[in-house]
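Pasting in a structure now, in structure tokens, and then I'll have a few things to ask.
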Amino acid sequence: MSKIRVAVAGGTGYMGVELLRLLALHPRVDIRRATSEQYAGERLADVYPAFRDRLDLRLEELDRSRLAEGVDVVFSGLPHGAAAATIVEALKSDVVVFDLSADFRLKDAAEFQRWYGAHPAPQLLADAVYGIPEFARERIRRARIIAVPGCYPTGALLGLVPIVRAGIVGDGPIVVDSKSGASGAGRAAKTELLFGEIQENVRAYSVGRHRHLPEIEQELAAAGCRSDVIFTPHLLPIRRGILSTLYVPLRQVTDLAPAFASSFASEPFVQLLGEGKFPQVRDVRGTNLAQIGWTVLDPKPLAIVVTAIDNLGKGGSGQAVQDLNVRFGLDERTGLDQIAAVP
Amino acid sequence: MSKIRVAVAGGTGYMGVELLRLLALHPRVDIRRATSEQYAGERLADVYPAFRDRLDLRLEELDRSRLAEGVDVVFSGLPHGAAAATIVEALKSDVVVFDLSADFRLKDAAEFQRWYGAHPAPQLLADAVYGIPEFARERIRRARIIAVPGCYPTGALLGLVPIVRAGIVGDGPIVVDSKSGASGAGRAAKTELLFGEIQENVRAYSVGRHRHLPEIEQELAAAGCRSDVIFTPHLLPIRRGILSTLYVPLRQVTDLAPAFASSFASEPFVQLLGEGKFPQVRDVRGTNLAQIGWTVLDPKPLAIVVTAIDNLGKGGSGQAVQDLNVRFGLDERTGLDQIAAVP
Amino acid sequence: MSKIRVAVAGGTGYMGVELLRLLALHPRVDIRRATSEQYAGERLADVYPAFRDRLDLRLEELDRSRLAEGVDVVFSGLPHGAAAATIVEALKSDVVVFDLSADFRLKDAAEFQRWYGAHPAPQLLADAVYGIPEFARERIRRARIIAVPGCYPTGALLGLVPIVRAGIVGDGPIVVDSKSGASGAGRAAKTELLFGEIQENVRAYSVGRHRHLPEIEQELAAAGCRSDVIFTPHLLPIRRGILSTLYVPLRQVTDLAPAFASSFASEPFVQLLGEGKFPQVRDVRGTNLAQIGWTVLDPKPLAIVVTAIDNLGKGGSGQAVQDLNVRFGLDERTGLDQIAAVP
Amino acid sequence: MSKIRVAVAGGTGYMGVELLRLLALHPRVDIRRATSEQYAGERLADVYPAFRDRLDLRLEELDRSRLAEGVDVVFSGLPHGAAAATIVEALKSDVVVFDLSADFRLKDAAEFQRWYGAHPAPQLLADAVYGIPEFARERIRRARIIAVPGCYPTGALLGLVPIVRAGIVGDGPIVVDSKSGASGAGRAAKTELLFGEIQENVRAYSVGRHRHLPEIEQELAAAGCRSDVIFTPHLLPIRRGILSTLYVPLRQVTDLAPAFASSFASEPFVQLLGEGKFPQVRDVRGTNLAQIGWTVLDPKPLAIVVTAIDNLGKGGSGQAVQDLNVRFGLDERTGLDQIAAVP
């Protein structure tokens, strides 16, 4: 069977290198090209010795006009702004694009501008599909641009959309309190990301006003939600993983199992732990899995849902590969059969 | 000036050893006795080499009838149940008791029973003072039993009571989402507390139903709060520290600074970072400090307050020493002048 | 192609669960049975949720007389002593045994007794093969008992045997200074293994007198070494990985590359970084790889060799699976194609 | 009693901020000035909120010509090169200088040049005293420039000098294998110091050729040692602390206790754990203590000595304050009475 030929733009940030790891393990993918601003000209295995003997690749400078040459798929791990500019150019070739930045996640250019500045290619926003396969599988199958969702939104939406769809959300705001590993902040050399600043520490940031909020709001609204969403991310001293604790007012005390089963019963990457059981990030680390547990505080009509994902897995590169599998009609599990290492 | 003679029951758990550390640094305290179930007969410095040349003490078996002999003060770091039984006996002598367990925190014996089982000495509950000096200084000055508050309640109450007192809390539940270091779970040899289980991991536990919830509810109610409180603790891979993220519905958008200033303006251990600034646990680690920041999500009438304490400091042994200073008329800062080490 | 039917005794310690993870990913293995003292009767996925939907197995009590029933292979993750007693019984069936304990590593029953107590089945010692495939491939192919080497010895021997074989070791002792993650100490509920004891800490233990020393000495002697070996292990606050820093006196300043190439040039799991480049444990974590770098302190005739392995991978369960592949004539890489996740 | 007026140049790196912490706690010190390249103009407590209400200081730009104005003492936390240039200027005033860089540690300008480049002020090298009080107390009392020793050399020398002085070192090289926390590498925003690169990782660096080697050699030679020294540092995922494992050939098997007692019996900051007991970094963290344990591998004439210090404490700022106390005739323990927090 012929392989899918792939180019990766921005392959040496934490998101990009995880994408290369997953693609290198994917039996139907042929990685033809990877670019790196910082390491152009170097061999991947010299930058990341974990790839030694596993992926023989010389990193290239990004040449937008040639990025899509001879490939079927372009993955972009570039930052927002740079991503859209590159993708506009790539789409002149007959390729499918999977974008890990925020550039094609929001449907509303004005909303995008409010959070990120003017959009470089607003005409393309309508074409892009927000790529959570569990919620948009059919649209992903026909898309040319798949916007791979943000890590926090993925963790929040997997826990909230089923409840919203079930029509059981009550009055009052939904609170999304998320705890993330440091890799979510990327690999830029910033003082605040030093080991000495993060180890033995925890802090909230962008309290109530994080850029991932409009993504969550947009997708919840699309599912029929009219509640306010309050979102606070926290930075933890772990490398990977997001735990999201979701506080949801209900119309009345009710069993949530049917709502979650209705959305996820046959999903290969969503594991329902059930009422009273709660996930840990270690059980999904290095995988494309999401684990979900919940409780209802009977007699109070309030649900607490907890979801765990790997921010670089289901929250990023893993989901991008799942999107690829969906888009190209492969078994969705192809190349995504990792089992989390314990310990 | 004569020293305060002190006995410590249960001195080798994480809370007990932090208490011994603080008392050893306290210029007005003379540690006469410390007991340890696990290490009775051994020298403290052999169990904890950090005390070498600093505190020369042989750990004793707990003998309830003699614990209070020749001392002015008994600190109890014993677990709940054992604490009350020991304290009943100690109070036959003329001592003041500072109890780090839950035994004297709840006023209502029925509520205690619901969470912990039958109370061993319900007749003493009325005598005990819930020992957050910022809220109960005058009562602490006259108390014979000071119930040193739980770590989570301290972090939550310091952020919530000022808003409650200001009469600006709106309808809907208050959400308390807390993140704690592993020392809060104690030093018992349990599989779930192993390094291999906690490192690179995060999990919620006792979701919505943790034993510290009734403490929070009791003290908020005492301050005039009628809201539901939803509380979820999380276990982080850090040794010490609690970050509490508090979501509070307000009657209307309003500036919180006056409320916090009104409660804490002249408090030596509460530091107000102000609107839009948020604390990190590292800045209070090893100290008796609490740092508090907040934001109001204008135009939504909802406040997010973040507090940071050391669970063994202001959330336990530090607060116990502050209580001691209050009770004996010392400057409250005596022995509590640590500055958090950064990094 | 028919699958190799496998039983695992002692499957829920850290070594056992990593073995189950690797075997579950192995395309030619059918896991028929796994025992657990602590969790007998429970489903594996309830104990370790990472196995949900990946390995459906109910853990059994160990019944020595039936462990080998209907299988081709028995893996033992039992502690020393218990392992030998179980293996003696298993060998009454026509099975091949891979033992992760120390019971069959030492050839000399007297030496075994000195370190571990009387051997339960000394008559079997001669049959066992010390299973580092890079050094004993042919013997493993014919063995009934493969003693999977200790984690520290594997890390040390991979760095030392090539130099010994090259006949270039000079006078004076060889120093083996090893740094290990906490999973090497197992999953028993011991105070010294608590998060609060290991995090932000490092300590040496069994200084100069660790039980893995005789293994290192035995295998170096078999390779022709007559030097004293000095060995000190250290416990680090990481979950997995061993870095071994090896100080080797040479007869004269010489290039070590030929010696390492001669031993490992075509080895799939040993990666030579070369002179002046040194490995990190993160690049081998979760894999069966060993990475080796070195330098010679010209003009001093002294080499420093640094090796990195995962103590549960090449230092344990990974090597056990490699041994299985060798023993059953499979491509050695089968089921062992993980790429270390970075970060 | 009048206070010692102090200026700190380079006060916001990890070494500088630890110095400010210790000086702020010192009852005889008045911090008049602190400079910071990165944060000039900001308040210390805004950069490091741990100093809130504890040290009210506005950070200044470094003005070499005025640094020493109105102070008795200048501490320099500047990098090498910049330090010497600043100190030359400071010495035009009547001040005593404590330099935390390498600029005044080596006596031989040629040796300095080999490791660091040309020395900016070689004429001052003879005046400087290498400031380990346990070995140079009398010279420190009369010095104008105290070169505060490097962190690795301090850990190594405290374990080696007593044995060298005792005249019992045998033939063959001494191996110094050191494991350090990440704060030793400073606070510069470098990719290799990011949390994602250090957590769950360990690596050797500058293997056999680290800049601290000549310091160790110089001071051992001054004590009468003629052995080669082999030194390898390792970077651990801890914030603070250095554990040094020292392998020392002896003339014959002998008891080391007299040698250590002879050097350290009455030292307030060196704690001898004795034969067969080994230190952990957690017991000295945040303090100026060194703990030392050892064993002799009878019948082999080889000693293993393990020392633990805090790299920012006895390995840096703590020792600088101890040097200050010595130089100004104060009790050496003044301001250095911290007890390591456990956990």
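For clarity, chains are labelled A, B, C and D in written order, and residue numbers in each chain start from 1.
The working rule: contacts are C-beta pairs under 8 Å (C-beta built on N, C-alpha and C of every residue); 3 or more make two chains touch, one makes a residue touch a chain.
From a predicted model like this one, the values you see are computed outputs, not experimental measurements.
The greatest centre-to-centre distance from chain D, using averaged C-alpha positions, is reached by A.
Interface comparison, B-C versus A-B: the higher count of C-beta contacts falls to A-B. Averaged Cα coordinates give chain A a centre that lies 39 Å from the centre of chain B. Note: centroid distance chain A to chain C, computed from Cα atoms, is 36 Å. The distance from the centre of chain B to the centre of chain C, with each centre set as the mean of the Cα atoms, comes to 45 Å.
Each of the following residues of chain D touches two or more other chains: 14, 182-183, 196-197, 199-200, 237-240, 279-280, 282, 285, 343. If you draw each protein chain as a dot and join the dots that touch, every dot ends up joined to every other dot. The residues of chain A lying in touch with chain C in their complex are 14, 17-18, 21, 24-25, 48-55, 182-183, 199-200, 239-240, 268, 271, 273, 279-280, 282-287, 291, 337, 339-343. Interface residues of chain D facing chain A in the complex, by the touch rule stated above, are 14, 182-183, 187, 189-191, 193-200, 237-239. On the side of chain B, the complex with chain A involves touching residues 172-173, 175, 177, 179, 196-197, 199-205, 207-209, 228, 230, 232, 234, 236-241, 243, 245, 247, 249, 278-282, 285, 295, 297, 300, 302, 304, 306, 343.
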